[in-house]
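Each structure below appears as structure tokens.
Shared chain: subunit A. Partners: subunit B in the first complex, subunit C in the second.
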Partner chain A sequence: MAGQSNPDLSVFSAPEVEFLAEDEMVEIVPNIRMEALNMICGDYGPFFPQIASKVPLWLAVALKKRGKCTIRTPEWMSVERLTQVLEAERESPREFQPLPFHYVEISRLLFDHAHDDIPDLYMARSLIEDIRDVRFHKVETGLETISGRTHAVKLKNLSAMEVNIVRPFMVRALQAFYKHDSPHLIQQPRAMGSRQPQVVDRGPRRDLRPR
Partner chain B sequence: MPGYYDIDDIIMEEESISVVFQVGAHGVGLLDPGSETNSVEKGAKVDLPFWLAHELYLRQAVSISVPACFSQKTRKEIQADAACVHLRIRCPYFYELGCKIVPLVSDKSIGSFLHYAFTHRYKEILSKSHSASVATVPKFLTRLTKEESQLFEAARSSMLAFKKWRLGGSRLEKASILSRKRKTTMPTCPSTP
Partner chain C sequence: MASGSGSGSGSGSERWSEGLETEAAMAMETTDVELLKRAWRNEKAAPEILQFEAALVLRAREQIQLLEETLEEFTENGVDDLVVSLYQMDLDRTLFLLRSYLRIRLQKIEKYMIHISKTNLWNRLSEQEQRFAKRCTDIMEKHLEQSVLSRLPYGYQSILKQSISSEEDDMVPEPQLDTFVFCKTKSAVGAFQLDDTGDEIVDLVADDLYVLRYKSIKGLVEGGRIDLV
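Coming up: the complex of A and B.
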């Protein structure tokens, strides 16, 4: 699956990533009575007032815009959980904390459309910003370790938007390093003979983050 | 690998490099501006574009000397402080030309020199690209070669796109064709009543 905005680079634009994030399920509390909705992607409802129900984010936002429901803030977006995550992110400089794959997009959509449903809106917003900054800084320091010997980069728990930001740079950097490190270019002036067999193994695989 | 239609690959092959003719060539006097007859003498030193020099090299008509951008002087500068060297002035297609020229010249250290230069300049690009501000183009951008500035732009544009998205704005962008249509219908509106 590739983004549609730039067919050459096969990258997603930020709105495309947001679109993908809208399929994540959230819990809503409707304040109306409504028949079940039969969509191509599934059947949701029926909805009864004050009875919580799980729907995709796009449906939740659409209902919310019409004032037909309140969106329940996901458990990971509570201030306590975010504070814990932020502390853990700061304490472990080489690991990413598990967060929902689309946490950046979901949180932005909720902050934009359901700000009256989120307790401690400002706190939660600034915590998410901080978490994102800390994580991105880690990505950058990790990118510094890329060298000609890097074949693959393992980024555990990195979220969709974070990957999307570094993807163009990382792909280009890896390609450039691969090109400049190819054995055709770097020949040992003296040791090309039988003494040193042609190195097929291009060094150990280096992870950007330890597993 | 560069594709057939890769414009950078095509432009790169225009870089002129200096060659020494191993054979005398008749009827190609225009290649050598200093030549008085319509031929190039054996042993004449001529600047040719890379694509021509490459083909002549394959026919063993010329020998290629190492271009100035891979000279000892440049190497010393790169070793002193890789990030500060103005490589774009030397050769905008420094790495591409380097990669292509390695099999053609006797100096085999160019490959490792390219790798060294890129590894050290990469750190500088990395540290500045994602944090680059929106409006101003950093000064060091003019020092980068084509490949490096593409790398820099890749990071900067993706970060800018993300920041734009985060600040919000309309989620649905109007297609340009729609706004154009509306403009043309506008003048007719006042006339209808």
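Coming up: the complex of A and C.
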């Protein structure tokens, strides 16, 4: 994606976005007995074999890696629901369907660490890939409508990873339009009789004083 | 252990219901980790330095220390390795958040130290950060003085100005408040004016995502009514 070379504009790294996603809650079915965990991030458990319990994703993955539980695939990741979402995404070219804010990261983590718990693994995986593609195509088409009159862009239901990917390009495009469309930024040097051309620079904008 | 202002069972941002719930009520059902995460996100995404979350950082540090002590006891008492490793992960995650939060602030201070020290942004810094900013400025001034400025002709020796004829300090980097940021609304903010002239009004409804100019929503970010993502 364009603009990723500029570290100033990419606010979060991909691992950081994943870190945030790991706090989302999922349901696990433990196969061991374990006392309640009173952690800084919250209280979870107690855990009993075969009795479902809600924990953050990082905890679920940690237990799963040690073979202490199975992770229940979230409702929205069922093939049925994903098929509906994909259809709806295709039918509404200007809107994004509601999905968890971290749907890309959650599904990725589950595919990586809990693939044996996911029914219809391949189907679910390809559906999510298709959904991502359709949504991203919409983002790209949406970028074409940005103009100098754009003061705000509404992106309801855009997910965390999608925000992070489109951010550098979007911010730079909006900034460039804003700069060239703000009359006071262009007229000012003329009014002051300066011959200095309005230089297109990417640094912080500062008027150079004539001396 | 692990007690704080409120350690309710895990709450995600999606649980924040629409409506007119007050900020206090929201904070009640939110853990300190959740609050720290929000502070970290906002700090990372905002171009300028935000108010230091002194009370929150203090609480987080206390909880971290408490858990570190508990972990030592666990190891001495031979508690199950699995349980110990899970608590260790919880500790590591909180430590990462706290460190990253403090670091991003230090980066901003290094970048805009002179601007910060000249404006009321100075009051947003913690005591330690103010000390850091002072030392940092001193060292930078000394370095520039010795390596460049003292060898320049008279009139061009200021660290703050391009030349003596500059009316204002035009060599001080300032955060670009005109930049655009991605933000998420928690509850409805209502019709909101985006620019000074009042031409652009956006109706900020609950749980929506916008790209807006930071300058126009600055107040909402500082008031905790909107989150940067």
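Heads up, the rule we're going with is that the second predicted complex is superposed on the first by the 173 of 211 C-alpha atoms of A that agree within 3 Å, B and C clash if a C-alpha of one lies under 4 Å from a C-alpha of the other, contacts with A are read in each partner's own complex, and residues count from 1 in each chain.
The criterion applied here is as follows: contacts are C-beta pairs under 8 Å (C-beta built on N, C-alpha and C of every residue); 3 or more make two chains touch, one makes a residue touch a chain.
Since the structure is predicted, the reported quantities are computational estimates derived from the model, not experimental observations.
J.: What is the contact status of A:Pro56 with respect to subunit B (first) and subunit C (second): first, second, both, or neither?
T.: In the superposition, A:Pro56 touches subunit C alone.
J.: State whether subunit B or subunit C is in contact with more residues of subunit A in the superposed arrangement.
T.: If we count touched residues of subunit A for both partners, the winner is C.
J.: With the two structures laid over each other on chain A, which partner does A:Pro46 touch: subunit B (first), subunit C (second), both, or neither?
T.: Neither partner.
J.: Should A:Pro93 be classified as contacting the first partner (subunit B), the second (subunit C), both, or neither?
T.: neither
J.: So, does A:Tyr178 touch the first partner subunit B, the second partner subunit C, both, or neither?
T.: Only subunit C is touched by A:Tyr178; subunit B is not.
J.: Looking at the overlay, does A:Leu143 come into contact with subunit B only (first), subunit C only (second), both, or neither?
T.: Only subunit B; A:Leu143 stays clear of subunit C.
J.: Which holds for A:Leu20: it touches subunit B only (first), subunit C only (second), both, or neither?
T.: second
J.: Output check: A:Leu37 vs subunit B and subunit C. Expected answer is one of first, second, both, neither. What do you get?
T.: In the superposed model, A:Leu37 contacts subunit C only, not subunit B.
J.: Regarding the shared-chain residue A:Val153, is it in contact with subunit B (first), subunit C (second), both, or neither?
T.: second
J.: Would you check which partner chain A:Met161 touches, where first means subunit B only, second means subunit C only, and both and neither mean what they say?
T.: After superposing on A, A:Met161 lies in contact with subunit B but is clear of subunit C.
J.: Would you mind listing the overlap between the subunit B footprint and the subunit C footprint on subunit A?
T.: Shared contact residues on subunit A: 11, 167, 171.
J.: Which residues of subunit A touch subunit C in their complex?
T.: Against subunit C, the touching part of subunit A is residues 11-12, 16, 19-20, 22-25, 34-35, 37-44, 54-56, 58-59, 62-63, 66, 68, 100-101, 151-158, 160, 163, 167, 170-171, 174-175, 178, 204-206, 208-209, 211.
J.: Considering the complex alone, what residue numbers of subunit A touch subunit B?
T.: Per the touch definition, subunit A meets subunit B at residues 11, 13-15, 18, 108, 112, 136, 140, 143-144, 146-148, 161, 164-169, 171-173, 176-177, 179-181, 184-187, 189.
J.: Which stretch or stretches of subunit C touch subunit A in the complex?
T.: Interface residues on subunit C, with respect to subunit A: 1-2, 4, 7-10, 12-14, 31-34, 37, 41, 44-45, 60, 63-64, 67, 82-83, 85-87, 89-91, 93-94, 96, 100, 162-163, 165-168, 170, 173-176, 178-182, 194-195, 200, 202, 208-213, 216, 229.
J.: Within their complex, state which residues of subunit B touch subunit A.
T.: Residues in contact with subunit A: 95, 98-99, 102-103, 108-112, 114-115, 118-119, 122-123, 126-127, 129-130, 147, 150-151, 154-155, 157-159, 161-162, 164-166, 168, 171.
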